[in-house]
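The same subunit A turns up in both complexes below, where it pairs with subunit B and then with subunit C.
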Partner chain A sequence: MVVYTNLEMSGVDVMIEHGKISAAQLSIIMVPTVLATSILSVPSITMTYAGQDMWLSPIWASILGLMSMWVAFGLSKLYPKSTLIESSVLILGKWGGKLFGLLYLLFLPHITGVIIRQYGEFIVRSALPQTPLFAIVVSMVLVCAINVRSGIEVVGRTAQIFVAIFILFAAFLFVLLIRDLHPEQILPIGEAGLLPSLRGSVAPGAWFTEYILLAFLLPYVHDRHKALHKSLLSILAVTLSMVITNFVCLFLMGDLTDSFQYPVMIAARYISIADFMQHLEAIVIAIWIAGIFVKISIFIYVFTLSTAEWLELKAYRSLVLPLSFVCVIFTYWVATSQTDIVKLYGTSANVYTIVLLLVMPSLLLLTGAIKNKWFKRRSA
Partner chain B sequence: MNKYTLGKKKSLSSRSKEQNDKLSTPLSSDLSTNEQMLKAEFHNNADVTFHPFQINHQTDALLVYLSTLCDTEQLDHLVLAPLLNRYPDNLPVHVSRLRNVIPLSKTQDILSLHQAVTAINIGLPLLLIDGSDTAVSYGLQKYEQRSIEEPSAESTVRGPRDGFTESISVNISLIRKRLKNHKLKLLNMEIGTVTKTNIGLVYLDGIMDPAILEEAKRRLASIETDSILESSYVEEWISDEPLSPFPQLLSTERPDVVCANLLEGRFAVIVDGTPFVLIAPINLFSMLQSPEDYYQHIWMSTFVRWLRYVFFLLSLLLPSFYIAITTYHQEMIPTVLLLSIAKAREEIPFPALVEALIMEIAFEALREAGIRLPKQVGAAVSIVGALIIGQAATSAGIVSAPMVIVVATTGIASFMIPRYSAGIASRLLRFPIMLLAGVLGLIGLMLGMIVLVIHLCALRSFGIPYLSPLSPSSSKLLTDVLSRAPAWKTNRNKVGSTRRR
Partner chain C sequence: MRINRSPIRFIRIASLFLSLSTAAMLLQGCWDRVEINDLAIILATGIDVTDKQRVHISVQIFIPRQSGSSSSGSNGGSAGSPSSVTMVQTADGDNIAEAMNRLQRKLSRHVFWGHCEAIVIGKDAASSGIRQYLDFLLRFPQIREHAYVYVSEQHAVETIALLPPLERSSAEVLREMGNMKLGTKVTVLNLAESIDGLSKSAVLSRLKIIPSAFGQSKYATMPYVRGLALFKNDRYIKSIAEPNSIGMLIMLNQLENIVFTVKPEGEKTFIAIQPSNITTDLTPKVVNGKWAMDINVRMRGQVILNSTNLSLLDSKNLKNIEAAWTELIKGMVEPVLHLAQQELKTDFFGYALTFRRYQAKEWAKNKENWEKIYPNVYSNLSIQTRIFGTGKSNDPQGIPGQADKRNK
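On to the complex of A and B.
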């Protein structure tokens, strides 16, 4: 027990991020972190498995989000001042912990690469067909790197502003679509039982496990007592957004939803205001960029911070640019083409992310809890 | 914050210190020695007058003053006349007795050569008496100054009409007149080793956050320069990020604006020699507010505020948006409009980006020419500009008519920003965003905006986040940003509340 507190104290001293965010900012950051990429491809995948019950899937999927969140808060209860990387060393010892951390140092650039690649492919396909992928990817990563270099406070504030724009605009978009919606598409509900919607929930569930990022960010929240409440609200907001998105796709396109790669973009094409404002896809993409910017930023931030913590450095800022470049390289390494990305999302990626973002941290929490109890019993 | 301790002009200040050491020699009791020392210091100064005379026909005395800064009429009347006519015959002449002879309350005993030189420099007449090592200075300086006029850079339809002048004492009296309270504090300091400019830090005790005040004092004290000629010199020294295009201190000519800001817990820096008073800490939204917002009807003010926010964005983004749409996203333009734009652009040899750059630069040049020229010529500039840019360039097929409309709208939008210094940011940042829009379309525009928001999120003014109360958010203060809060609901004294977040 004594050993623990000592280690924890030393963990406080080497805290490499001096800024703090509020619980509200933390919960706001998580919204685009889950939604930005899921809003693109998930409706189509869900439709494939769940059919007209697709709107139910996000609700099942949110259970995975709650589990991730529970694991993150459990770890943070054991070691309130440590991120996942630091607490793994405290739980598994120096060698075990570093090995566990290494796993994330390899996984984080990988998943960041996938996210950036998806962004790049989406932009090339839907907005700038003649612009090289490299230019699109590098410009975005550079902007995110500037954000991350400014520290968690700035990341939190930019997220606050862009999420407000993002949500306002998404709501506006859906309101404009009301004219074209056919609510009767929802019937029949549960035609083949709950199984299809459960199967459809795997993909959104994989996105929901990204809530484990809370384990990396919770030490930097200044009003911790509000964090649990706000995070629950955040999950609720994400679930609701997914359900609404799925409803809109279902009511608008029905069974055709799964034949489009980005159904929400198709939905944007339906918008027509007084026959004057038409073809608003470009604006929709521009607003969506605000969301994906928050997502990429937070992943690069967590990757950089984890690397600095793993190497026990005193500052992380100098790592931002080189590590962002590593993420760009991973962007090209993870897939050779758009079809690869789609294949990845439809098949192994979900299991991969669920294992690393939910199963492994759960095991870590379990070990930590058992160890803690054992020490307590011995000292008692 | 290191930059405040790293002196840029160390050599100069240390040199002046040596000089001060030489000057700090005490005055002698022998009048002719003193006279020689002063004459050596004021060598080649045509307006320094040495006036020797005798009191009671026995004691030698000397008056030294700058004839250009000293009120000689008063000097003759109040100092010289009593000494010559009314000095009691039976008493030996001594400095301590002068108080009973000369009817002036503003006096100061001068003990060293340095003090003597300083007093003469600021226009005080100096009286030296033989046999005494103490001299006396009298508060009889007289500066030429302009009377209080209506501020030309910030005019309002309704509201007070008096503006600051170049004199610091007049400016402070204008503030004191409005805030009749002993809690209104004034700290004086002298900055500039050569100009020795008088600078006043004004705040309201009890409302001002003490931590911000300490920071302000520390930054002002760390200024190491030889000259302060305008408050912008001070602004550059004490800004958090002097390289940011967004001003972190507000400059105003209006006493009512200063008072309103003092009441909200800000401090003001008054610099002698300029009517522009600095106010900090501020945020982005203080840049987009006009004093008149509080003098007119609530709904009107709210409407005007929103109009300003929209046009601020337009002045920043409209040309970029036009470039992005016409180059990359033509499908967004309604068909009829697209046809007319295409027809107008048909004979234009340049791509939209180049066209926009030409027009924007021409507009900025016209605007600059109009400001710097005398008023009579300024009118000619605008006529020529309107003819060339509006009419001739379009009919010659160099620029298209829609582009003229875009540039003109942008120009009007930038005139909507009530603070001149805030308009600078949108004028300068327009160009990089235009380039980004020309390269990546709306995505480039969005990336540019994101970088801008990152910068604004990271920016602070004396520790207060520049985007507060939006982010970090404070719903109480946000009321006065999204609308104009009614008088009974304004939340004064809240500037410091977002400091720690």
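On to the complex of A and C.
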């Protein structure tokens, strides 16, 4: 591979993050990053559009995930040592690149705010109705900030531990529900053709575009040659989890799925085995918090790192707490109520995230590739 | 065990311990901390309407007993009369939410619905429509979607107020009866599904009250499932008792705990069969624009009483009994089919859903006309019965002089 040192040198030549993670950790981080919030809203949203074909939607949606991943790997092939923010400067030049980066500096706190807000609203709704949102949000963000301050290695490790618990318990809960599931709810398949399931795939697709975060994290992977393989596995795992979740909701609630805010929560509450395995919703909340913790951490991490890179600082650690606080403020700005969040997820947020997490990076990659070709021809 | 005296290790352990105990202090539930003795735990809810169409709810509240600590632990058997375990409180309101709030104001503790395992709807309340109750039950966060729903012949409060001698509370009776599948096993979620669904109907168990034993308080008795309550849209329209309710349960594939009494042809006395396996399959067909439903009922059972003189070793006799059994089932199912399709024109058995699933094309073309099609769907009933066991005995028992037959 040809590396254009002159271009690389014009950007930041010293990495701010000194830690390294493994490709396996990278792929594990991405699982809750996509799943944690989507698992709550996706069954309901896909049901609205796709009806009993809702289980197909995540499969279509995963194509968007693969595209995001491809863009991330493409960018990283051009500039292996640069994150999206740095390579935008290398590709679009100082002004263009900074402008491009600024877009993300505005977008990242916004989306982080949405994520934290959804976390807060969910906890208020289903566990702690009397507790002010602020207390719930701040306590979580504080813990995440500590996690992020400790560096990418710690974030990777916590993800490893929590994801194991997350998957184990989620599988356990679904197994407990088997008795109440009615697989015949899947019929008829494709009642109105493929269109409904494709429409239903927009929302999960928007979640899948979060795989572009790989473009921010790939420079810190020490075994890069395994990264592609592991990331593909990660997408597979996420797709499977979404499909299984949708199946469980469909088989349990049928057409009623879309009338609930959080169908997975209803499913967990429905468990009743041998008169004592009941009221398991607290376990669901507990393991879900483990997942959302990883998600919020990684978004705050990417936001902080991007800001530091954009400002060309030498370290990012001192930025963590103030920027986390910015995210908390965004939490209040993004929506006024629970219905706002639901509406956001069902409609505009999808286009918004897809544009910023897939379309823009794709354009960047395209520009980079053309520029690269041009340089190559000129030097030849 | 070797004690590690390294100071660094000690500091580490101490700080770990400290941080864990600090965490424990923080883990009390923030603003939502509620002491268990500030809760009024509701076990069952009854919904009635008053004469003025106001909602009247009655709840059964668990009374935590003091005896555990004070009365030297002897609270088994005679010590605690069942009457002290639960109490009943009622409240009125223009709608169920208002009634619930009024109820809260009558109680010194926070009402907690998380353990409400049974919901009883009075017949009057059910016939004026249960939509508002369903919405409330599926919207109010604390209520469990797994709670069983029943319709009671009397006012629901009469069922809720019972203090059964056998179980801790009548809520427990209702929950166990739901688990035992004595009628239909319908949870709040199932009920909403079946009313919201294509069939726009529901079948719930109907409750009656066993008259209390002579000399006992009128509350010292239990509710029991007798017959079924039929709902069209969200309204109660009719209740059915045996044998129609049995036929309905067969069609719903929910029949359990039953004994059939069969009178074989040419016999004056009868044979009782306990089926262990009852399945009903619905197979929809559309041929030349004619809609038909193949209903295939399969039963396997064993004889538990033989008061005829027929030997059960003889396969000819068994065939004869099976034929009579088939006739019996036919006589139970056919009137129910007629009732549902022609009389009430209500799709209790989920025909619509079955057609949608297995005849998707025809369904898509004709779903607008379903109301007209349904009464004319030809229900093609076929029944297979099989006796697989004859209990502990082969030959009839208790016939005078029977043992002597070998000498004849």
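Just so we're on the same page, the second predicted complex is superposed on the first by the 370 of 380 C-alpha atoms of A that agree within 3 Å, B and C clash if a C-alpha of one lies under 4 Å from a C-alpha of the other, contacts with A are read in each partner's own complex, and residues count from 1 in each chain.
Going forward, contacts are C-beta pairs under 8 Å (C-beta built on N, C-alpha and C of every residue); 3 or more make two chains touch, one makes a residue touch a chain.
Bear in mind that the values here come from a model prediction, so they are computed numbers and not experimental data.
**Student:** Return fit or clash for subunit B versus subunit C, each positioned on subunit A through the superposition.
**Tutor:** clash
**Student:** For A:T304, decide between first (touching subunit B), second (touching subunit C), both and neither.
**Tutor:** In the superposition, A:T304 contacts neither subunit B nor subunit C.
**Student:** One more residue to check, A:I283. First (subunit B), second (subunit C), both or neither?
**Tutor:** After superposition on chain A, A:I283 lies in contact with subunit B alone.
**Student:** Quick check on the superposed pair: does A:S22 touch subunit B, subunit C, both, or neither? Answer first, second, both or neither.
**Tutor:** A:S22: touches subunit B, not subunit C.
**Student:** If you stack the two complexes on chain A, which partner ends up touching A:R157: first (subunit B), second (subunit C), both, or neither?
**Tutor:** first
**Student:** State whether A:N147 touches subunit B only (first), subunit C only (second), both chains, or neither.
**Tutor:** first
**Student:** Could you look at A:L256 and tell me whether it touches subunit B, subunit C, both or neither (first, second, both, neither)?
**Tutor:** A:L256 contacts subunit C only, not subunit B.
**Student:** Quick check on the superposed pair: does A:F293 touch subunit B, subunit C, both, or neither? Answer first, second, both or neither.
**Tutor:** First partner only.
**Student:** Quick check on the superposed pair: does A:L128 touch subunit B, subunit C, both, or neither? Answer first, second, both or neither.
**Tutor:** both
**Student:** Between subunit C and subunit B, which one touches more residues of subunit A when both complexes sit on the common chain A?
**Tutor:** B
**Student:** If the shared chain A is used to align the two complexes, which stretch of subunit B, 135-143, 423-431, 459-467 or 477-485, clashes with subunit C?
**Tutor:** Of the stretches 135-143, 423-431, 459-467 or 477-485 of subunit B, only 423-431 runs into subunit C after superposition.
**Student:** Which positions of subunit A sit in both the subunit B and the subunit C interface?
**Tutor:** Residues 127-128, 131, 135-136, 275, 278-279 of subunit A touch both subunit B and subunit C.
**Student:** Would you mind writing out the residues of subunit B in touch with subunit A in their complex?
**Tutor:** Subunit B reaches subunit A through residues 324-325, 328-329, 331-332, 334, 440-447, 450-451, 453-454, 457-458, 465, 467, 470-473, 501.
**Student:** In the complex formed with subunit C, which residues of subunit A make contact?
**Tutor:** 125-132, 135-136, 184, 187-188, 191, 252-256, 259-260, 266, 269-272, 275, 278-279
**Student:** In their shared complex, at which residues does subunit C touch subunit A?
**Tutor:** 29-32, 114, 138, 141, 144-146, 179, 187, 189, 192-193, 196-197, 356-358, 360, 363-364
**Student:** Going by the contact rule set out above, which residues of subunit A touch subunit B in the complex?
**Tutor:** Answer in residue numbers: 20, 22, 24-25, 123, 127-128, 131, 135-136, 139-140, 143, 146-147, 150-151, 153-154, 157-158, 160-162, 222, 275-280, 282-283, 285-287, 289-290, 293.
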